[in-house]
Amino acid sequence: MKKLINDPNRVREELFEGFLAAYGKQYNLIRVGEGTVAVRRDIPDGRVAVLTGGGSGHEPLFLGALGPGMADAAVCGDIFSAPSPDLIVAGAGAVHRGAGVCMIHGNYAGDNMNFRIACEMLAEEGIPTFQLRVWDDIASAPPARKEERRGMTADVFLIKIAGALAERGASLAGMVPVIERAREYCRTLGVALTSATVPQTGKPTFEIGESEMEIGIGMHGEPGVGREPMASADSTCRRMIDRMVADLPFRAGDEVLLLVNSMGATTYMELYIMARAAHRVLAEYGISVHATHAGPFFTCQEMAGCMITLMKLDEELKSLYHAPAHSPDYFLMRALE
Amino acid sequence: MKKLINDPNRVREELFEGFLAAYGKQYNLIRVGEGTVAVRRDIPDGRVAVLTGGGSGHEPLFLGALGPGMADAAVCGDIFSAPSPDLIVAGAGAVHRGAGVCMIHGNYAGDNMNFRIACEMLAEEGIPTFQLRVWDDIASAPPARKEERRGMTADVFLIKIAGALAERGASLAGMVPVIERAREYCRTLGVALTSATVPQTGKPTFEIGESEMEIGIGMHGEPGVGREPMASADSTCRRMIDRMVADLPFRAGDEVLLLVNSMGATTYMELYIMARAAHRVLAEYGISVHATHAGPFFTCQEMAGCMITLMKLDEELKSLYHAPAHSPDYFLMRALE
Amino acid sequence: MDAPALIRALALMGERLREQKDWLSGLDAACGDGDHGVSVARGFEAVEENILAWAQLAPGPILRQCGRVLLSSTGGAIGPILATFFSELGKACGDSGEIDTPTMAVMLQASLDGVTRLGGARPGDKTLLDALAPAVDSLRRDADDAVPLRRAMHRAAEAAAGGARETAGLVARQGRARYLGERSIGHPDPGAHTMAIILTAVADAIREEEPRA
Amino acid sequence: MDAPALIRALALMGERLREQKDWLSGLDAACGDGDHGVSVARGFEAVEENILAWAQLAPGPILRQCGRVLLSSTGGAIGPILATFFSELGKACGDSGEIDTPTMAVMLQASLDGVTRLGGARPGDKTLLDALAPAVDSLRRDADDAVPLRRAMHRAAEAAAGGARETAGLVARQGRARYLGERSIGHPDPGAHTMAIILTAVADAIREEEPRA
């Protein structure tokens, strides 16, 4: 396994220290305690704090989402495994400013349980919380069982919306219906071309044939719709958008945000070509794209593949999307008015 | 070759159309003529225009550098080959606002000649130009023959400096000494772990062994210092920084910008770990890091490897670095004051 | 079963889980992400580092401390599950210095309820519950028949091991494996086998000279 | 050599460069990025698309048009070099309808100077100049000796082919190959062979019945 790392069992700590060395000063980020929790220092009093987190190895998420108008705390577990409750409690405690903590994380068994235990522990300390489980991957369960769907790149948009609400002084209770509506408006589907290697074991996350691709595959190779022969970007993208449009459903006249996410080793060339296809198919549906973001946001080591997320916009969500925001790895920078 | 593309011979046009679909509206970008030239619309009169360009396939550069405070025009040749003079002339003509055009491109034979011919053609049309050839790769020639060195990621910083000068209304003649000093202050060295595939031919750019790496290798596999066994991030980074520090030379008390660039398929995990090592080695030299940028800026398809660029700062360059700027693929966003 | 026996049990399960680490991870690789054995071994390594400090405590506090350590060092879905399993055992055990069969039955029932509350799983969902539930039933029957703890605990452990083996025939409805649906049949659940190993270690750590109930 | 012969020459070189495309790219792969043959073939494909429109023009304008088309469709370092080669030939040819040996010598000398000015290379740098320079010397000698163009052009083409072969022994000091230094020895320069093919096509396109000088 050829990677520029040191001890495979210390990648979590070392990537965290490298992130803080790179951006700590610039974003007023500090470490909390011994573990891998990074929080912002300059959070105004009386404001809801936004916390996100999950397994490491998916960078830029979750550390890259820290910054004004985005996340206030990022809690990192080991590579691909949920952070423990005491790390989450430490992060929440450090950013709580009296108005509670809004937690945004992917809908995985380990994350759900650890965040739930942490919220119970925080409640005992008098810190109110809200746990937003992100379930945007339409391949992992039918619409009737949305709560069983895996969390993918919708985190990126939802953290932006929550950060903007907090920045505007919204209460925790006031934020809930808006971020739940935003979650409801998000749909994601991925396609994988190659698997990736887990640093500690050097083993591949899953096996896939030389000329195969899999639509709907999970981040760690959880099976999707099924293996099929490689196809062109245009035809693959069309099939992905068709399924996502039908799932919400998105309707003619809707306005959406489009995220074209690299899963780790996908070239920008391919992302732009997939974005081109996505814009064309959406236009055929009469759906207009308000803004597009192409790049690596939520990855799985050096996995080659592309994830597309659509988020329907209404006037409120659009203005929250445009609220000023800044973060190290270009998470929805303040868009030009 | 597993890539999400359509016709391998049309990747240049399609990635360009996808980029414009994604960011054209948001950044006031329009296509010029038939070729692949994207320019900004809202450039104020009487201001120097900044133009960059080169072969496609290195995204986000050069298109990703378009935006206020950055580049005004990006001219894209075929995959890995220089744009032709008439494309460059078309781009320059579209953004010229009466104060001339500053051109920034990598120091490659094809680029040098095509840009030189374009500048001669523009001079005949009464449009003054300055051609800044970027030569920051210390592996490609000894210090005495700096003008023969290849251009790597220093483009990112130099476009930022030129864009800021233009934004402040500097004259073309006035910009030259500043961007030449900035170029002089840049040093880059890369290390490659794997090669990449050329879309049109499906052939690898170069061969490298399963457990080998090469420090100093060029973007298309031009040989560097030589093949050697894989080593840890810390030891590799130390050797790279040692050579760069000695080359300028950087001295104790210097303040630098640090860029840790993915060559296409490198994980952020590895970039943060290399950034961690870079900060430590620079601290040992008494060199302080003013700001760090980690991510894919100048890539070569799905090549795994890391390029480190150091740029020495003086007060003027530091204030130009901090000037407001915004571009689609996070090229040095307006840094927080 | 007294505090020293409980300490012996924790050390024994830690040792056995470390030996089975790769096997358990292999089971997890079939339907999940292949980290189960590594996570569990990491959790019990942290337990072993703390064991000496707990030697003077009563069984209840030992179990609650063990739960807290597992919570912060195991990771994955299995971390919070095992943490809840041990802390609920500790809460239900109260301060008694000696655990007999009826107390152990109440304790295991409490942990079964706790894990169910936490993960929302039900027996038959192909999870660790499919080993814990049969163990609880077996122990409650033996408690009613006043069977001494060492024998009762061994029968409970065998019920758990049987339950774990039978998970191969079930369709996963929890955790990562649920995304395979039918394709998870034929693969036993790693968490269920981890539970069987834990209960067997508890049984093996109970000394012969326990006073007959 | 008149306009129709020049048109025949352009078509002939385009055909031959397309046939040799992979060979030329193979040479470029050894010390460069392996795209030389593809770029050159692409340039001459564009020339062929325009050839009919140039049939009525005099040799000078044809050569200048050919240079412009190559400039915008060849790409790589070879694009501007070949473009300069043809446009300088066209400028030096002026408006004369007929090119004889002395005129061709002046034209080739002008293109040698133009390419040298553009790329800053010198004979011996392992570039296309190492084929062009011997051809210019041979043609100037034949012009002094009033040798008819067909024979003079063939001897110039042979000199170019010889020069191209000899580049294998040189150390590259221009373009991507220069980064190999000593390691470029043993590999002939693709651009030099392209020049040899071009000059040979010009020679082959000159009809026998050319009036003896």
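Letters are used for the chains, namely A, B, C and D, taken in the order the chains are written, and counting of residues starts over at 1 for each.
As a convention for this text, contacts are C-beta pairs under 8 Å (C-beta built on N, C-alpha and C of every residue); 3 or more make two chains touch, one makes a residue touch a chain.
Note that the coordinates shown come from a computational prediction; the quantities given were computed from them, not determined experimentally.
Engineer: Looking across all chain pairs, point out the one with the most C-beta pairs in contact.
Structural biologist: A-B
Engineer: Suppose each chain is reduced to the average of its Cα coordinates; what separation in Å results between subunit A and subunit D?
Structural biologist: 57
Engineer: What's the distance between the Cα centroids of subunit B and subunit D, rounded to whole Å?
Structural biologist: 34
Engineer: Just give me the whole-number Å value for how far the CA centre of subunit C lies from that of subunit D.
Structural biologist: 81
Engineer: What residues in subunit A touch two or more of the other chains?
Structural biologist: Not one residue of subunit A touches more than one other chain, so the list is empty.
Engineer: Which subunit D residues touch at least two other chains?
Structural biologist: Nothing qualifies.
Engineer: Which pairs of chains touch one another in this structure?
Structural biologist: Every pair of chains meeting the touch criterion: A-B, A-C, B-D.
Engineer: In their complex, what parts of subunit A are in touch with subunit C?
Structural biologist: On the subunit A side, the touching residues are 77-78, 80-82, 84-87, 108-110, 113-114, 116-117, 140, 148, 150, 198, 200-201, 203, 205, 218, 220-223.
Engineer: Within the complex, which stretch of subunit D touches subunit B?
Structural biologist: Result: residues 33-35, 38-39, 71-81, 83-84, 118-119, 174-176, 178-180, 183 of subunit D touch subunit B.
Engineer: Could you please specify the touching residues of subunit B with respect to subunit A in the complex?
Structural biologist: 2-6, 11, 14-19, 21-23, 26-27, 56-57, 59-60, 64, 68, 191, 193-194, 199, 210-211, 213, 230, 232-234, 236-237, 258, 260, 264-277, 279, 289, 291-296, 299, 301-302, 304, 306, 326, 328-330, 333-336
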